[in-house]
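Letters A, B, C, D, E and F mark the chains in the order given here, with residues in each chain numbered from 1 onward.
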């Protein structure tokens, strides 16, 4: 248990490492501080799991939670950490069997949107089907 | 167990108290009647919990359910019943720990949208960050 | 356990029977192949439940999962299999009691959108109320 | 909307039809009254779904909810309404694909326990494996 | 953001206030430290919600989560904080409508067990019925 | 898409690799065949994720699903695949933040039981506390 300032700084560094940008204050600065301090400063820096493995756990959890906006964020984080698109899609396909087809179809739809935006695609063509 | 008409009227009164408007018939008049009759006429009028406490329970439940449209309705209800924005946000922050970060980030995003609409904000500035 | 080709063909036929269209390759051809092969070729063709009963189970599951896009697909499938709008709405109303009001209000909102699109409605009038 | 007494009596009759026994007062007589009155007296007696179809919906919902004690009750109800063991198992197998393997393995374990009790089996032999 | 020691001490005091006992190290001392430090030292001591209101939120969340062991702990906490049995039961009854009958029946079953243990009841008589 | 026999044999081999034992027929031989064939023969053998990474995904999913019996099976599988106890515990601790404290406390309780059985512990001493 170290000093608060050290924890906050460590949290900001891990946040930057995972999401590829600084935490932005936004509308809920206190919740952001808690997120950076508790979640990134303490949990993501604990031993026994690498940052890549923690992203695997986080991406699995948000895919199962079906919160689209969060899911977009963690697909972006996974890509930023060097996970391939094929690997992200593979996690979601496995979750068809561990969380059900609605979870997987929802996850694949969101992944497709994220990939299309990154490609500068204008949509319309690359329809996702169940 | 009183007469149906009394229950229906009591339900309409509680619905008005919670949401600040009359129930509108809409597309599913039978489901609305059941909602007003069972949920508001019987459950919300039972003893041991105040209307404010029942809204605390309902807001917690819809935040955890991650059904955005419902969540918007209950954030509106909470405000109408006199709950402060700070208290609503505080409930959602606590739910980061009892339902997980995806639940809380989703809830805060919806709350921000509701607050911005009430302020006539045109968005753009008040970005929410994870 | 029969030959892969037979299973794939049987899956395509059941998919067509349920959704009223051929499976479209889309962005994830491998997941579509698994879906057609495992889910439609093996599970939907097993004995003891009719295709209509399996749709009842699937529609219940996706309503409870609150994945809107999936829900739209299965409301379409239910209609295609001959389930009436009244029956679809009735399933969702029952789920108010087995999954909670947020689940039902979300499901009824999606059903209304699907029905309105089929009617060529331009919206605005047919507002859904909690 | 009929008189309370009629609704209560109708609810008791449907409860008896579904579970094969009278509702027992137990520890929460008020919740039992609401259950009999709202859920069985009003919802289970609505049109568009047969009692057997409503049990299909309920059994699907409690399997997905993973509340063992409830699940035992609805497997009993399904059997009482004439659903075969094979059909009950088949619903749970389909839910492996719509709710995930944990849901199905849990449901099959509970079903096995219910079937074994009905057979007067003393367990030990009939081990369930994932 | 104050000093770690102060936060830890404040967390221990709130834990004691909520559960009526000191945190016991048990098998996972590090997770207990995080729980006391983050959850009780920071979150439960934040403004805008009283400890009683926070317990209302927590009890709602664990009832919806259907984790029996956790639910027993928070029913105990609610009683320790002065919430009446009637109020605890009333929250669970409301959750029949916001989370579904399986959630409520499960919660009432657990509550009955906790109450019976406190009364030194030996069970057998006080059967809970759906 | 290869021949059924090849897929079945491959599935049995992966099942053996993950759980450290042959699949046992048990009470539902057909569901076991599907599990071995679809889940282990096709999904666990797909590229882009190692068997260890797939166990990380599966363990995360069953921890979030709160199905104790399944969770015991996958903690056993993780150990059999060489994952350390510290790493398993660390995944569950991270899930406190991505799925909520009830999920983590439930997971840690089950992990403790599995570890104690492996150690031949007779319980009583090693109490887990929230």
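Following the convention adopted for this analysis, a residue touches a chain if its C-beta (ideal position, glycine included) is under 8 Å from a C-beta of that chain, and two chains touch if they have at least 3 such contacts.
Since this is a predicted model, take the numbers as computed values, not measurements.
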> Which chain lies the greatest distance away from chain B when centres are computed from Cα atoms alone?
Replying inline: F
>> Going by average Cα coordinates, which chain is farthest removed from chain C?
In response: E
> With respect to inter-chain C-beta contacts, which pair, A-B or B-D, contains the greater number?
Replying inline: A-B
>> Suppose you list every residue number at the chain B-chain C interface; are over half of them used by both chains (same) or under half (different)?
In response: different
>> Roughly how far is chain C from chain F, centre to centre by C-alpha average, rounded to an integer in Å?
In response: 30
> How many angstrom lie between the CA centroids of chain A and chain D, rounded to a whole number?
Replying inline: 38
> Between chain D and chain F, what's the gap in Å when you average each chain's C-alpha atoms?
Replying inline: 29
>> Suppose each chain is reduced to the average of its Cα coordinates; what separation in Å results between chain B and chain E?
In response: 23
>> Which positions in chain C are in touch with at least two other chains?
In response: 34, 38-39, 43, 61-62, 65-66, 89, 93, 95-103
> Which residues of chain D touch chain B in the complex?
Replying inline: 1-4, 8, 33-34, 37-38, 42-43
> Quick one: in the complex, what on chain B touches chain F?
Replying inline: 95-103
> Can you list the residues on chain C that touch chain B in the complex?
Replying inline: 66, 89, 93, 96, 100-106, 108-109, 112, 126-130
> In their complex, what parts of chain F are in touch with chain D?
Replying inline: 19, 23-28, 30-32, 34-35, 39, 61-62, 65-67, 69-70, 73
>> Help me check something: in the complex, which residues belonging to chain E touch chain B?
In response: 38-39, 43, 46-49, 53-54, 56-58, 60-62, 64-65, 84, 86-87, 89-91, 93-95, 97-99
